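The following blocks contain the structures, represented as structure tokens.
Next, two complexes with chain A in common: one pairs it with chain B, the other with chain C.
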Partner chain A sequence: MERINPAVKTAAFLLLGLVLSFNGSIVANLLLIVLGLLFLFLAPGSKKRALSIGGGALLAALSLFFTSLWFGREGGGSQSVNFAMAAVSSGSLRSGVLLGTRILAFAAIGLLFAFTTSSDLLVASYIQQFRLPPRYAYGILAAYHFSGSLAREFRKVRLAFRVRGVRVGPLSLKPLFVMLVNALHWSGDIAAAMESKGFDGSRNRTYRLRPRVEPRDWVFAAGVLAVMGAMLGCNLLPGVL
Partner chain B sequence: MKLKHILFIAITAVLFGVFYLGTTYAGTFLTGVLTPMGLGILGYEPFYGIWFMAAVFITYVIQKPGVGLIAEMLASFLEVLMGNMFGPIIFLSGLIQGLGSEVAFAAFRYKKFGYPQTMLAAVGCTVFSYIWTGIRQGYHTFAPGILIAIFAIRLLSSLLFCGVLCKLLGDGLAKAGVLRGFALGDRQKLTVED
Partner chain C sequence: MAAYLELCNVSFRYLEEAQADVLQHVNFALEEGKVTVLLGASGCGKSTLALLAAGIFPENGGVMESGEIRLLGRPLAEYAIPQRTKALTVLFQNPDLQFCMDTLRKELFFCLENLSVSPEEMEARVEKFARLYGVEELLDRKLSTLSGGEKQKAALCCLLLLEPRGMILDEPFANLDPESAAGLLELLRRYRREQGATVAVIDHKLDRWLDFADEIMVLGSGGKTLARGIHPESLGEYRRLFQEEGLFFPGEPQAFEAREQSGEVVLELRDAAYGYPGRTLARGLSASFRRGSVSAILGPSGSGKTSLFSVILGQLPYSGSVRVAGMEVKKAGKKKLYREVSAVFQNPGNQFIALNVLDEVFKSLELWNPRENGEALRSRALEILDRYGLKKYRRYSPYMLSQGQQRRLAVLSVLAGGQRLLLLDEPTYGQDCRSTRAMMEQLRQLCAEGLTVVFSTHDRETACQYSDAVYELQEGGLRPWNGSIRR
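What follows is the complex of A and B.
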């Protein structure tokens, strides 16, 4: 999965996400969760961070489930069922499970993408396959690699305010304002540096990373299409699934 | 667009992301507390406006058609790079939120930039994103009361963060004289010289 062309993977997962958004089948959601997790654990590298992100997804799924349960539209589903000693309509229970598993399916394919895609290859592939103008791509890449320093600077600015006895809450505007002034200076400086090295897209550069669309990418695309087909098929299943 | 502007947009998007990071913890906590009551869906709503800030702020500062859309697309690109939980579908969310903001400024033909425009942009982002999350999270299965609550809290958040804060931040920067080369700063200078 980590050897698939990032542009092809983006397009495939975007379509998959779109199908998922309109999907009404619980089985189809489960299919995506299983497939996503399977390929995630086959991928090399540590997945510790996936656990904490997955925890957030689980919470979001639970919250949607309970909202459906207690605040479902009246009259959805005919008979009431007992859940946690409370009577809820079967329709609410079904839509709760559907929405909860949908969030988990989103997270499963999102995590799979995040953990099998290198950011440098992703940007290179967007330039070469999606024809993204290089100045946008390199600008984004610069900001991305700058984000660590940015977070550090933000902490420093907040500390500087506190040293001066100015109270700064989590949503205070003062540190944000100082950071925006800094951002203006930085963007001017980085732009000058990038222009001097020819990263402004005015010349044709050669590329160190050359992601190509290879036969295995077509196999992957066909696989994703098959999954989408299976999901659509699931929507024709009779009953509540 | 100039490289300097692209970089400013991208850095601002990261900055709002960092600014927003603290609130995600609050949102997660709130979601956790509210979940058993079925109100967990409201947990992140008070902070929704922060997601739209890039579009409204950048349009207010650069004042050109399409920059809000570009800002949201760059912001979602950054989120994908940083490994967002939802993956590439974020591009679609960025596109929809950016369009919500653009529609509001386009209604004034990109000629007027003030509170009415930033407030309308805040409403635009709310309405557009509401339709999109409505599809993804199956709002049609929920009771009207909770749907109104979601919309109202998101709208208030958006009006505060985009309608008011973005304007205040932009005006502050212009007043500080650091917005040379940006439409908002240059316009401010003209009025001073008059």
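What follows is the complex of A and C.
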């Protein structure tokens, strides 16, 4: 999966996401979750971080499931079923499971994309296949690589206020405002440093990484189309699943 | 000798509506093949000059009201950016803000791509360069894990790989320990030997450049050249000019002698150890800091000086004992702790809370003394500003002050709660002699009134001159430092 051209992968996953948004079949959601996790675990590298993000998605899925279960107004299920020692309508149960699995399916394909795509290759591919101007592409890359420092800087700013006796809660705007001002300075400085290394933002440059659309990318695209077809097929199945 | 860079009658301002130009009718020239050190008081326009010469301004901001810049005899505006980079490039001050990739190897590829080097050539060129300059070990480490010195070395490597005919270094050592600075200088020497490039250096401290520079220039207000053609041998004739402009004059090596202290202990470390998961930064730290004393902490980048401040501020777990005014930090409530200890960080702008200088101190007084009368607090704020020479700026926005003044204001604001201990992270970073003196004299004045100051610095001279005790944090331990300043 990590050898697939990132531009092709982006287009395919965006389409998949679109189909998923309108999908009404629980089986189709489960299909995506299983496929996403399968390819994720086949990919090289540590899965620890993916699992921790996946844990967050599971929490979101569960909360959506219970919200739909107890407060859902979706009709179609007048009949009452027993769930966790309480009687709920079968329609609410179905919509809870559908929404919960949809969140997990989004998380699965999102994680699969993030953990099997290198940021450098992604940018090279967007510039070369999607014709994204290098000015934006490298700007995004620089911001992405700087993002690790942001958390550290934010902690510093909050501490700077705290020692002054200023109360800083999780939603305080003051540190955010300072971060915004700092971010303007930082972006200007990084841009100046890039320019002093000869970067002019134009296409008039060479690329060490030259991702191309290979036959395997077409096979991948065909595979994704097949999955989409299967999802549409699931929607035609009779029954609640 | 041919002119490498010429500025003819250049006037420049950052904002159209600004009251004065940063550079005023500047005529300036650098000779090709020479190493020139540019000195000048903070705010005289040295960095602006570098940014103009590199073409960053006015292309990306500011207004060039008059004049022309010529590089190697051609108007600068005629150069395309990659072409200009081959002729002149700039190394900036802050090593954290110079990269767009996550490893040096990728950043080097990025530089070569900018100059349209063929992809087949890149790998071999990077390998050869890394071997030649001895930086193979840095190539694949994540830039975010490098120390400040290593990052600055990596940034310089990027420029050297492009083989420019000349470069301007804007305070390249501002935040580096002496060992890292020496490593960087060695790299630069090697490049000069190989390529004979023109080098212009902006710095506040001349000492480390004396045996490298061909010429020293002194710039005055508005970027005017006050003296040029100064050679290390003729430096003695310019002592008076250095004094008038508030610049550091290179001095004789001096040894530090600790001064006797007798006040009560305000901060005490006993066998303290701290670090991050999987990495101990320092262990076995023991020292006592007494009332009314100024103590400096030296140490290489990454040795844990700033983290020690985080420990004292209760932000980083530790083992052993750290006591502030008798309170064990890990057991003390933050509010109570910050009544006793405060801190000023490297960027004072992070701490401002008001729109003008007077309110900055007044609001701090209000925060710590909510029950006191507002008018009385306002007069107290004015009195504090008056005593420390900042009253004339009371209506200014704190951000309009110079970096040195901002730090001095921050010191006054953070002490509004009557704290007994002040921690300062690099308080004289990037400052000229006059501003350094103003900062340190303010601290000494506050200490005479009973404050205890602990500051981290790479500047051994300032540490020696103004401290009662100097410590070195190295290889995990905190030891009294009494070595002499190496030049």
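Going forward, the second predicted complex is superposed on the first by the 235 of 241 C-alpha atoms of A that agree within 3 Å, B and C clash if a C-alpha of one lies under 4 Å from a C-alpha of the other, contacts with A are read in each partner's own complex, and residues count from 1 in each chain.
Rule of thumb we're sticking to: contacts are C-beta pairs under 8 Å (C-beta built on N, C-alpha and C of every residue); 3 or more make two chains touch, one makes a residue touch a chain.
Computed from a predicted model, the values in this text were never measured in an experiment.
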item: Chain B versus chain C as contact partner of A:71, first or second or both or neither; value: first
item: Which of chain B and chain C A:44 touches, first, second, both or neither; value: neither
item: Which superposed partner A:238 touches (first chain B, second chain C, both, neither); value: neither
item: Touched partner set for A:215, first chain B, second chain C, both or neither; value: neither
item: First, second, both or neither for A:62, with chain B first and chain C second; value: first
item: Partner chain(s) touched by A:191 [first = chain B, second = chain C, both, neither]; value: both
item: First, second, both or neither for A:204, with chain B first and chain C second; value: second
item: Touching partner for A:98 - first (chain B), second (chain C), both, neither; value: first
item: Superposition-derived comparison: chain B or chain C, residues of chain A touched; value: B
item: Chain B versus chain C as contact partner of A:181, first or second or both or neither; value: both
item: Shared chain A surface residues [contacts with chain B and with chain C]; value: 119, 142, 181, 186, 188, 190-191, 194-195, 200
item: Sites on chain A touched by chain B in the complex; value: 9-10, 13-14, 17-18, 21-22, 49, 53, 56-57, 59-60, 62-64, 66-74, 76, 91-92, 95, 98-99, 102-103, 106-107, 109-115, 119, 122-123, 135-136, 139-140, 142-144, 146-147, 150-151, 154, 170-171, 173, 176-177, 179-181, 183-188, 190-191, 194-195, 200-201
item: Residue ranges of chain A touching chain C (in the complex, touch as defined); value: 119-120, 138, 141-142, 145, 148-149, 156-157, 159-166, 174, 178, 181-182, 186, 188-200, 204-208, 210
item: Touching residues (chain side chain C, partner chain A) in the complex; value: 51, 54-56, 60, 80-82, 84-86, 89-92, 94, 96-102, 106, 109-119, 122-123, 143-144, 155, 158-159, 162, 310, 313, 315, 334, 338, 341-343, 345, 347, 349-351, 353, 364, 367-368, 413-414, 416-417
item: Chain A contact footprint on chain B (complex, rising order); value: 1-15, 17-19, 21-23, 26, 28, 31-32, 34-41, 43, 74, 77-78, 80-89, 91-92, 135-138, 140-143, 145-146, 165, 168-169, 172-173, 176, 178-179
